[in-house]
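There are two complexes below, and they share chain A, which is joined by chain B in the first and by chain C in the second.
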Partner chain A sequence: MNNKLDGFRHFCRRNSLFVIGSISVILILFTMTVGPSLCTHDPNAVKYSEKCISPCAEYPFGTDFSGRCVLCRVIYGAHISIGVALVVVVVGAFIGVTVGIVAGYAGGAVDSILMRLVEIMLSFPGTIFALAVLGTLGNGTINQIIALTVVRWAHYARLARGETLTVMNSDYIQAAQAIGNSRLRIIVSYIFPNIIGQIIVIATLSIGPVILAGAALSYLGLGAQIPSPEWGLMINGGKEYIRQAPWITLAPGMAAVLTVFAFNLLGEGIGDMIDPRLKEKAEAD
Partner chain B sequence: MLEFKNVTKQYHSGVFGTYITKAVDSVSFSIDANERIGLLGESGCGKSTIARLATKLLYPSKGNIVFNGNDINRMSAGEIKEYRRDVQIVFQNPQQIFNPRMKLYDTIAEPLRLYKLTKCPKEEKEKIDEYMSMFGLTDDILSRYPKEISGGQAQRIAIMRIIMLEPKLIIADEPTTMLDVSVQAQILRLLQNIMDVNKTALLFVSHDLDVIRAMCQKIIVMKDGRILEINTTEEVFEHPKDEYTKFLVGKTNLYNVQSVFTA
Partner chain C sequence: MDSKILIQTDHLYVQFAIPNGKVCAVNDLNLSIKEGEVLCLVGESGCGKSAFGNSILRLLPDNATLQGHIYYYGKDIVRMPEKEFRLLRGKEIACIPQSAATSLNPLIECGKQVDEVYLLHKEKNKSAARKNTLRLFKMLGLPRLPELAGDYPHELSGGMKQRVLVAMGTAAEPKFIVVDEPTKGLDWARKHEVIERIGYMQSMHNSAMLLITHDFSVAELLSDRIAIMYAGEVVEHGETKQVLQKPQHPYTKGIISALPQNGFKAIEGFSPALTEIPSGCRFHPRCPNATCECTVQHPELQKINEPNHVSRCLYAGV
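Moving on to the complex of A and B:
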């Protein structure tokens, strides 16, 4: 038992970034899932008699211009903001990794066509491209997810292709071919397990930017719609009251900042744990 | 059994692919069943290219490679699978040929699973245990990852994996170059025993004269992608015909051949 404890301490000291990051992310996810049931106020209950109350015991983060509890709204909003980002990253990474592995493994014409497509996607500025997609699809959370995924997948595809090419050059792929593995088996049990570490690091690091991009779209009124407690939307709503009631904008803003920070810590931590060299790569992306 | 007919492998380089490098230049030779042939030559002479051509890891630019009457690059999917089983290759760098994310048990069981040689996990385990003791390997390495074992152990596992498939031809691409001398002798003795017991043919690629002399009955001497001389081991060492062979063989007396095997 003592041995295990020592081992755990050693692990924590060596991977302090990972430990701090995962604790913060777990705390955030915990707040997100359990928080709503602890809220005593309805996040959408309008009460004009209690509008713009500064933070007090009953309303820790104060109330907004419609008398709604800001804390409750931030907690409920986490569902939307973080949920959207997680779905975007998971779906985007899935599409991107599939495309990237196929391109890297097949090579030749398939590779050229897929990678030109990826380069076209990457040549548009992300936010503006998402705006254009939302402009065609219309507002709403689902469309926001689609728009952000369309923007993100190409990043993962390019990374997955590069990693696939590195792995393809290694001797164990040749050995796997020589002993008689089929193409599918080489992809599934050789290439995929050897590139997934890098993909996880980049995916975790990109959750933060995706949360911010999602909030930006909502701020512009293209994502979640009023009266949803989405963070970007809350900041937009509170901006006219920023002198009298700064907490209306400050609370969701700080929530977004802290969440992004936590996911970035986790991403860096996983990266350090898997391969210290990865850090530089992620920063360059 | 395996025959190279005027095989050429060339690479294009330069911006417009105008520079042509011939790694292997119209090479013809054949290996019969139960024959042990050494492929001798300096680094970069195309030895490894031949090993990779024979195992279908590379495709020839010109010429045919024929196995029991079938061109190996015009086989159907079923024939390819059978060919992969019959012709196996031992690589130079044993520690880099296993999937780093796979435990060694799965790596060792891989050929059994690919060719469905065992019916259930229990039988698979028994078969692996049997081979492990035959190769002098202990059970504890089965739960390890490839980077956690030594080069000698890795090469023994690599050979073991191949032997499980009972191939008709083993191509050994400098299997001992990366190992230290005492381990080299173990690996060579192991290979020799297997050849004797299973009556397997061997194409032994090496630049080490002593090792080739001890392992092979026939020697192919290569330089710059071309074959200079094919002859029996005795002839090559006692009466070399080609000037380059004479130059190579002249160096062999620097150390004693037998010392490698008695170590």
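Moving on to the complex of A and C:
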């Protein structure tokens, strides 16, 4: 028992970034899932008699220009902002890794075609491209997810292809072929497990930027629509009251900052844990 | 003694495409290996030994082209569809790869990697596969069983990894094993241990073996016949004893007298790059007995008095 405790302490000391990061992310996810049921106010209940109240016991983060509880709205908004980012990263990473492994494994013409496609995607500035996609698809949360995924997958594809090529050159892949494994089996049980570490790190690190990109789109009015408590939208709504009631913009802004910070800590922590050299790669991306 | 011919190559050429042309790593190779026989391929680095080994396994890189034929029980495996060949690979034709340090998947416990071979070819059930694996590990003298089977490759020493690879190569009881430099990077004591185990596994299943090495002591211990390769060609080929005791080709004589126990008399010069093959006899620039004729005429393999002993020298047997 004591031994286990010592081991755990040692683990925490060596991977302090990971431990802090995962605790903060767990707290945020906890707030996101359990928080709404603890809220005493309806996030969308308009009450003009109580508009722009500064933070107090009843409304810890004050109320906004329509008398809605800002804390409740931030908590409800977490669902949308973080949810969108998680979906984008998971779906984007899935598409990207599939494309990357196929390109790296097949090589030749398949590789060239897929990688040119990836390069075309990467040559557009991300936000502008997402704006263009939303411009054609129309507004809304689902379309926002699609637009961000379209922008993100290429990053993962390029990384996955590079890692696949490295792994493919290792002797154990040849050994795996020599004992008679099929191609699919080599991809699934040899290549994928050997590249997934780096993908997880990059994916976790990209959750933060995706949250910000999502908030930016909503701020511009292209993502979630009024009266949704999405953070970007809240900031946009509060910007006219920033002198009288700065808490309307500060609360969702700080929520976004803290969330991004937490996910980045976690990403860095996983990266340090898996491979100390990976940090440089992530910074270059 | 009259066993069937298992592997036979017929005018085999292996070429690699390089930016400005092609290099021929294996040139007109005609060898045969009978059931249960051990043929040892000896030569310097880059003389085409591994290229030949990999061509039997069809694991050559994409830029390689094969000409000629490799017959396995009379069937040409060069032209066999990939699907059909995959049924042979691992089950009937297996390999023990070189560089033990990197040939095991770092993310899978070593016992599981051997289980895989059983699951792919013999057993359906995981616990039966593990039982077989443990029996094999015990035969190979691996310590700390059964815990060792749950260890990851980085927890094993070089010799232990090599023995795990021997287990992977022999688990399916293949008829033919390509053993590529089994002693690379091992110290003297480990080397003997690994060689002994390979010999033991070979004789137990009566598998034929192509042993690729540049170490004569390994060749002497394990092989029935030796083929010496130089710059992509076989220059001498015969029974192990004959080749080692009465070497015919000047190159063979040269490497045997370059062995430490024979006084380290190195051959002058370097073996040629495969892009700059000399005219005539490929060995003539380094040969102490070269004549004018050697620089123009490319010798064929010539028979020498002893049966089955051939040498690619104009003056063989003179």
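Going forward, the second predicted complex is superposed on the first by the 285 of 285 C-alpha atoms of A that agree within 3 Å, B and C clash if a C-alpha of one lies under 4 Å from a C-alpha of the other, contacts with A are read in each partner's own complex, and residues count from 1 in each chain.
Everything below uses one rule, namely that a residue touches a chain if its C-beta (ideal position, glycine included) is under 8 Å from a C-beta of that chain, and two chains touch if they have at least 3 such contacts.
Given the structure is predicted, the values throughout are model-derived calculations rather than measurements.
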Based on the superposed arrangement around chain A, label chain B with chain C as either clash or fit. clash
Quick check for you: in the superposed arrangement, does A:171 touch first (chain B), second (chain C), both or neither? both
Kindly classify A:107 by the partners it touches after superposition: chain B alone (first), chain C alone (second), both, or neither? second
Could you look at A:138 and tell me whether it touches chain B, chain C, both or neither (first, second, both, neither)? neither
For A:180 in the superposed arrangement: first (chain B), second (chain C), both or neither? both
Common interface residues of chain A with chain B and chain C? 170-172, 174-181, 189-190, 193-194
Counting only contacts in the complex, chain A reaches chain B at residues 170-172, 174-181, 185, 189-190, 193-194
Could you pull out which chain C residues touch chain A in their complex? 57, 59, 62, 86-87, 89-91, 94-95, 97-99, 102-108, 116-117, 120-121, 165, 168-169, 172
Chain A touches which residues of chain B in the complex? 52, 55-57, 81, 84-85, 88-89, 91, 93, 96-102, 110-111, 114-115, 158, 161-162, 165
Within the complex, which stretch of chain A touches chain C? 107-108, 170-172, 174-182, 189-190, 193-194
